[in-house]
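Have a look at the structure that comes next, please.
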């Protein structure tokens, strides 16, 4: 048996879903057999700066970092942890993209601004603060992706290439069984009014689905539950701005009416509601614009 | 903004090679100067200007983005410019949600022979962006 | 440090403060993030709400999801068809089971005072079995809810889609195994933890709030809300909108309690056969009804693990695969209140939607905020008893006391605690930590 790997899990804040997703991995026992746990902290209070400082630099082989990063305190902790770890995984949507928390960067509202300012900043993906070696996407990461990470990082002899994202390079559509009809987008439908046909592509039916612009590997479970993909695994390889990408796809699906004023097309596009919550649900903080600005109305 | 007079906006122009780009080119050969604030990126069609391209321009510090294609109904690629226009229309709504003034993107359709019209459009857009002031997006970094 | 992620509304407990200055007081405070939550949700699509709220607290995501869905039903004045209600109920029970098992074995102190230590795991019920059961409970949540930790199936008016035949029979198989694990956990608890509970004398008389079914038995999903006073007499029974005003402006002489112990007190008994039998042991051991002994919350939770498994089995038996009527038509959107008897206690959501079905206002009344006063009353009397010295024993007792309430800020394995003593100027003069 080679030297045991030292692993650590850290979630400074967050909902607890990431830590559970790892705990529920069927390979957990095997993973722990071959490893020492340096710490498994599920909130900032579990581990102080002092305690982290006392750890050896690069003494941790793999650090899994979950939860959002916002103000100075959490940035300082992230930087300190980076020094202690040879490899860092951005674990889950918050660390990968800012996650649902990132929406607070964009929502106008005095209360939120107050909160953000009190914490000295706005939500950032981990990669904006420290160098990230691997990404495990998802909110929380789906089992298949967790398994892949555990196998490649902890059970294999070789370490995966830096930059590996433990998900498919293809979109969610690749694992979706629905029939694709290439229908034009003539009307946006809200799926609560009546549930969609479970066998036909949601976009074909006029429901906004982020499947085409979102990394797959999740098994398209949401689609199987007759819900659209909401984009939790972030943009597909090569796309920078997930929200921009879906808006672009939606615009392209609207058929040209032939009327050069574009009035009919605009009517369809205007009926897309809550653009930020729909296109940037998990990725607002990782978007190219990053947060709401005040452009002097 | 008080210091707008000294503010020199950075403008990225995505121009269709068949029309607006040709018009800009014509300005050059005809010695019809247009503001040096404008940096031109030649594209095959405004329909190929992606959301990533536009948003990256803002991220890298563009204060305004000029998108010049064919006039509506005259696209070489059967409505590529109209598809592009729909994309911009939706993207402007997103920009608005992020607090970015959608007026920072302007679309024009100028035929290749209309150098004068390009010159005026470039001057007008530069003046308008100067009036809007620097884009706040860069401060997000 | 509280992160600015308002979606995580139930922030983590960083400290219990013992304020020195005459009186010695211990308290936890649940930061009120109501305004922040409402402004976060404003402008979001109604049908997305259940996806956001379940990520507030992934340990009981199912409860949050279903509370939101029920509030949205009310917003749209929709009556979901029987088939949809049956799926939601089964999902609720699976959620309670998952939560309780995780709380009992993984989210709590594993020291000698902790519950995992109180359930004898030396024989067959090894950690491996429990972890396996937890995974399988997650699988049932996935079958019923569409996604493992964070379900997706609920929408206003019903559910998105039915459950395939083979999935359903798989869920039924798992459920009977889960009942086995629950029964063995209860047995293990009675062998080890019951005596511990009997030794913990800390008792806080409180009003109890729970959801009850038509027969007045405890419900782990929907029903009428009932509050009983510390003596066990009914104060009010009604639907969420009738009981909410009293809860929000609590004026009674004792705090309000929610969760497993409150359910035990407010209802006539568990709604399932085996759990009802097991409750007798608890009442016999403590000799009172209602029970106000704080540590009994743990015992009540173990019994509820059995109850949730029984309920899950019978709910799954009643589910018909291929039921196509799973969604009701919706009225014009408006305001709605929805309650669910969540794993941690009664959970209430309220939304105001505009004519387009976009959220205008949002509010969550969580078990954490409801039981804040109760937890603090318990901590105060604990400190009064222990005296001004903070010893390891005091810290252990604080941990166990807070843990007995199963608040959302605890799930961490094991949860850490920082106790500070401040001087008159508010400076920290002494500090104790337990991790």
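Here the chain labels run A, B and C in written order, and each chain numbers its own residues starting at 1.
Heads up, the rule we're going with is that contacts are C-beta pairs under 8 Å (C-beta built on N, C-alpha and C of every residue); 3 or more make two chains touch, one makes a residue touch a chain.
Being a predicted model, the structure only gives us computed values, none of them experimental.
*Asks:* How would one label the connectivity among the chains shown: line, ring, star, complete, or other?
*Replies:* Topology of the interface graph: linear, an open chain of contacts.
*Asks:* Going by CA means, which chain is nearest the middle of everything shown?
*Replies:* Located nearest the centre of all protein C-alpha atoms is chain A.
*Asks:* Report which of A-B and A-C is connected by more C-beta pairs in contact.
*Replies:* The greater number of contacts lies at A-C.
*Asks:* Centre to centre, by mean C-alpha position, how many angstrom separate subunit B and subunit C?
*Replies:* 55
*Asks:* Taking each chain's centre as its mean C-alpha position, how far apart are subunit A and subunit B in Å?
*Replies:* Once rounded, the distance between the two centres reads 32 Å.
*Asks:* From the mean C-alpha coordinate of subunit A to that of subunit C, what's the distance rounded to whole Å?
*Replies:* 27
*Asks:* Of all the residues in subunit A, which ones touch at least 2 other chains?
*Replies:* 276
*Asks:* Among the residues of subunit B, which are close enough to touch at least two other chains?
*Replies:* Touching at least two other chains: none.
*Asks:* In the complex formed with subunit A, which residues of subunit C make contact?
*Replies:* Checking each residue of subunit C against subunit A gives 1-8, 11-15, 35-36, 39-40, 42-48, 51-52, 55-59, 61, 72, 102, 106, 128, 131, 134-135, 138, 142, 145-150, 152-153, 155-161, 326-327, 330, 356-358, 411-413, 416, 418, 435.
*Asks:* Help me check something: in the complex, which residues belonging to subunit A touch subunit C?
*Replies:* So the residues of subunit A in touch with subunit C come to 12-17, 20-21, 23-24, 26, 28-29, 40, 42-47, 67-68, 70-71, 73-74, 94, 99-101, 103-104, 107, 109-112, 115-116, 118-119, 121-123, 139-140, 142-143, 190-195, 198, 221-222, 224-227, 230, 273-274, 276-278, 281.
*Asks:* For the complex, give me every residue of subunit A touching subunit B.
*Replies:* 106, 108, 239-241, 243-245, 247-248, 250-252, 254, 256, 260, 262, 265-266, 269, 272, 275-276, 279-280, 287-297
*Asks:* Which of the residues in subunit B end up touching subunit A in this complex?
*Replies:* Spelled out, the residues of subunit B in touch with subunit A are 1, 50-52, 54-56, 58-59, 72-73, 79, 82-83, 85-87, 89-91, 93-95, 97-101, 104, 132-133, 135-137, 139-141.
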